[in-house]
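So that you can tell them apart, the chains are marked A, B and C in the order they are listed, and the count of residues begins at 1 in each.
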Amino acid sequence: MTATPLPYDQLKGPTTVRRLLTTPTTGPLVALLLACVFFSLTTEQFLSGGNFSLIVQQVMVVGTLAIGQTLIILTAGIDLSCGAVMAFGSIVIAKTAAEGGLPPLVAVALGLAVCAGFGLVNGLLVQLIPLPPFIVTLGMLNVAFALTHIYSAEQTITNLPGPLTALGETFPLGNTDITYGSLVTIALFLVFAYALSSTSWGRHVYALGNSPEAARLNGIRTSRLTIGLYTLAGAVYGIAALLLISRTGVGDPQAGQTDNLDSITAVVLGGTSLFGGRGAVLGTFIGVLIVGVFRNGLQLMGVASIYQTLITGVLVILAVTVDQISRKKAR
Amino acid sequence: MLRRNRTTFASIGFTALATVSALTLTACGSGAQGGSGDDGVKVGLITKTDTNPFFVKMKEGAEQAAKDNGVELVSAAGKFDGDNAGQVTAIENMVNSGVKGILITPNDSKAIVPALEKARAKGVLIIALDSPTDPQDATDALFATDNVKAGELIGQYAKAAMAGKEAKIATLDLAPGVAVGVQRHQGFLKGFGVAEGDIACMQDTGGDQAKGQTAMENCLQKSPDINVVYTINEPAALGAYTALKAKGLEKKVLVVSVDGGCTGTKAVKEGKIAATSQQYPLQMASQGVKAVADFAKNGKKASGYTDTGVTLITDAAKTGVDSKDTAYGLEKCWG
Amino acid sequence: MSTTDVTPVLQARGLVKRYGHVTAIDGADFDLLPGEVLAVIGDNGAGKTSLIKALTGAITPDEGEIRLNGEPIRFTGPQSARQHGIETVYQDLAVAASMDIASNMFLGRELRRPGLLGSALRMLDKKRMRQEAAAHMADLKIGLRSLTQPVETLSGGQRQAVAVARSVAWAKSVVVMDEPTAALGVKESGQVLDLIRRVRDKGMPVVLISHNMPHVFEIADRIHIHRLGRREALIKPSDYSMAEVVAIMTGALRVSDDGGTVVADAGAAEAAGVSTH
């Protein structure tokens, strides 16, 4: 039996148009643009540099969390502890600096280390025992939540040293005030977008999310990679903790209680698959902007906040439906 | 090819559906918010959450007052009790949308302050409803129940109801460090004339019925002879009642509360709770909206503290303690 | 081709692997000659998977010796076997479904850009990976529409081709293929068998694990029959019928020292379709 080889043809990359049409980020991006057009037409205040700057500033904390969340979800995991870990990190930073007398930079470093430590423990439990990420991070959510309240003694920490809130300051660009923290978030998104798309590490993350076994058989040290990812996500939550402090100007033990679900919402809205291995961190940025734009636009229109929640819910269901359908079709 | 196209369709489908749903929902939302004023004065109302009946009533009062004063009301809420970030975002968005004033029940009395200061710097009138900020002068004015007085009233009532019997008191409180809870608790002690050390059992309930029940069960384990129970609000009181009933103690123990929600007032009528201090969220909101409308009209800012009133509600009135019956209470109740 | 005057590419003697009371490999031998397709067959539970795992570094045998090109060698893991030029095409192919063909071919061995972009920014050289992947695919005459299409959009046979091409591209000594036609239809199986032939024609020896007797007889130069944890026989397909091979595999027949067969279980042999007279 001699079978003819399949017709041999060109080995070019896909055209730009085709690539655009097939990336999971395109749908969310168009949805975002349409939402912007809609709110620009229906409200006077929406379409302004100041308002856009405000929206980015409003999403920078959840957006930063969502970067870490994207890393975890790309491995087919999930992190329920991110908001609580961030809250604990922010209390550590605020309290050690404002009451413990640590120099602000040391306090920030300590907060980052604490958050990364939480990530490391998550990663170790998920990889080495192994336990399902859902359960591990659910447990860690409670641990971090409790520690936040114990360590803060339920007290909001005020009178923070100036450097801690420096990222909440603004600088004028034209006649728009830009928050430094927004730039940190955008920079983080760009760094992770590059690392995920253009380095070996990024390829390995996607391979791990597709199939840990396949990744391992191809010589990728999946155990190290997984633990590293959780730790890195933790460190990113630490940056979010600093942004949180700079945005609100206080250390707030109640902060971040719904941020775990909000960050998952952003990741899913951005077209990243909950089943792992598919998606992009820039999609997450779009996802978080979708939430921010709807919240801001509806507020400007005078629509009650409960409808924002309703719309977000509908969008999430749409996004996962699209993910599921396109995954099925691809098989 | 086929597969690629399907993915494309999926993308387009997502976009289309997202847009349609957004438009539809927005349309509903606008409809629900209809009846705004024409002169363009906007008033913002930010409640702790938008699910608690207390805030639902508050919003109702604000909506009515907005109509009466010819202003437009925009409202927002935190996602959960304690959600500061959500309230900050709402303040920013409202300021951006050009509100004249914001009425807010702060989720975190300290954490909200920087955002409020920014808003005030832009000339927005800020009025705290229900609970003060810390410091209190971070807002222009405070329209709230005098929680100490509310506690005091109920304390005096309990003292009179005990008629000289020796009291073994349990207090089912809110949470450590929360002003409302502390003030009511202190007021109760003052009204009853006891010291902190004389309390047989103190438990936090978060104002939650299930936690109230657990707390009462634990208190009864500790001191089975408790005969007076002060509760932070009626859900906690009803939780306590369930625990007492399970032990057959519901007739022997005096349960008193603060808040005046409709469910709670009904419970007073049914005798599950002996008395409650009723507060008036509707008043807070309608007076707040009026204050902003006045500010828009003549530039005069409201200031200081305005007591929105508190009334003792009970069907077993005691001499020497002013009270109204549950018929009155049910007429004025919220939720 | 004689076993005496040629150094086997991969050879094993007396391999033993025990798991508690279970002996998965029980003194197994193995010989793979240069440029041949060696089929490894055996009943379920005969221990051929364990043997293959030992030869590809996935498990470390308790006893015995493995030689690569005549040199004794010890693998510490699949990675070390790969470093010694032994590549495996796993049954589930070990591909990342959402990633494109070129990315899969270079998975775990990505190429970086030259210069600072590569060393400091660790930037991948996507173009070069695509070109090299294309060259490998062309070398094996595997035709695909585009190397940037995700593997999940490919048919089973095409995925198999990608996995084979990847192994061949990296293998220096041996390519091991685990049931490469198991999940495929007739036409695609034919294409994969053709592909295996082309791999052999390039001079790369292939170890083929298969249950499919017709495929084994079509492509294999020699057949290693595994039974009860050891090599029962090493035969040429031309010397035996398919029915006899099956009978040897199940223990109904034995290969005698002179290369003939001895009936070990007449009933079973008859049932397998071998005449016992």
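Basically, contacts are C-beta pairs under 8 Å (C-beta built on N, C-alpha and C of every residue); 3 or more make two chains touch, one makes a residue touch a chain.
Model, not experiment: these values are computed from the prediction.
Novice: Counting C-beta pairs in contact, pick out the pair of chains that comes out on top.
Specialist: Maximum number of inter-chain contact pairs occurs for A-B.
Novice: Taking each chain's centre as the mean of its Cα atoms, which chain lies farthest from chain B?
Specialist: The chain farthest from chain B, judged by C-alpha centres, is C.
Novice: Compute per-chain Cα centres, compare each with the mean of all protein Cα atoms, and return the closest chain.
Specialist: Smallest offset from the overall C-alpha mean is found for A.
Novice: In whole angstrom, how far does the Cα centroid of chain A sit from the Cα centroid of chain B?
Specialist: For chain A versus chain B, the centre distance works out to 33 Å.
Novice: Return the distance between the CA-based centres of chain A and chain C, expressed in whole Å.
Specialist: 43
Novice: Measuring from the mean C-alpha position of chain B to the mean C-alpha position of chain C, what distance in angstrom results?
Specialist: Result: the chain centres lie 72 Å from each other.
Novice: So which stretches of chain C touch two or more other chains?
Specialist: 153
Novice: Mind pulling the residue numbers of chain A that touch at least two other chains?
Specialist: Expected reply: 330.
Novice: What residues in chain B touch two or more of the other chains?
Specialist: In chain B, 3-4 touch at least two other chains.
Novice: Please output the residues of chain C touching chain A within their complex, sorted ascending.
Specialist: 78-79, 82, 88, 90, 92-99, 103, 107-110, 112, 121-124, 126, 130, 134, 137-138, 141-150, 152-153, 158, 187, 190-191, 193-194, 218
Novice: Any idea which chain A residues touch chain B in the complex?
Specialist: My answer: residues 18, 21-22, 24, 26-28, 30-31, 34-35, 38, 42-43, 45, 50-51, 54, 57-58, 61, 153-156, 158, 244, 247-250, 252, 254-258, 294-296, 298-307, 309-311, 314-315, 318-319, 322, 325-326, 329-330.
Novice: Using the touch definition from the top, list the residues of chain B that touch chain A in their complex.
Specialist: Per the touch definition, chain B meets chain A at residues 3-4, 6-8, 10-15, 17-19, 21-23, 25-26, 28-30, 32-33, 36, 42, 50, 72-77, 79-80, 82-85, 88-90, 92-94, 96-98, 107-111, 113-115, 175-177.
Novice: Quick check on the complex: what are the chain A residues that touch chain C?
Specialist: 1-3, 5-14, 194, 198-201, 203-204, 206-207, 210-211, 213-215, 217-220, 277-278, 330-331
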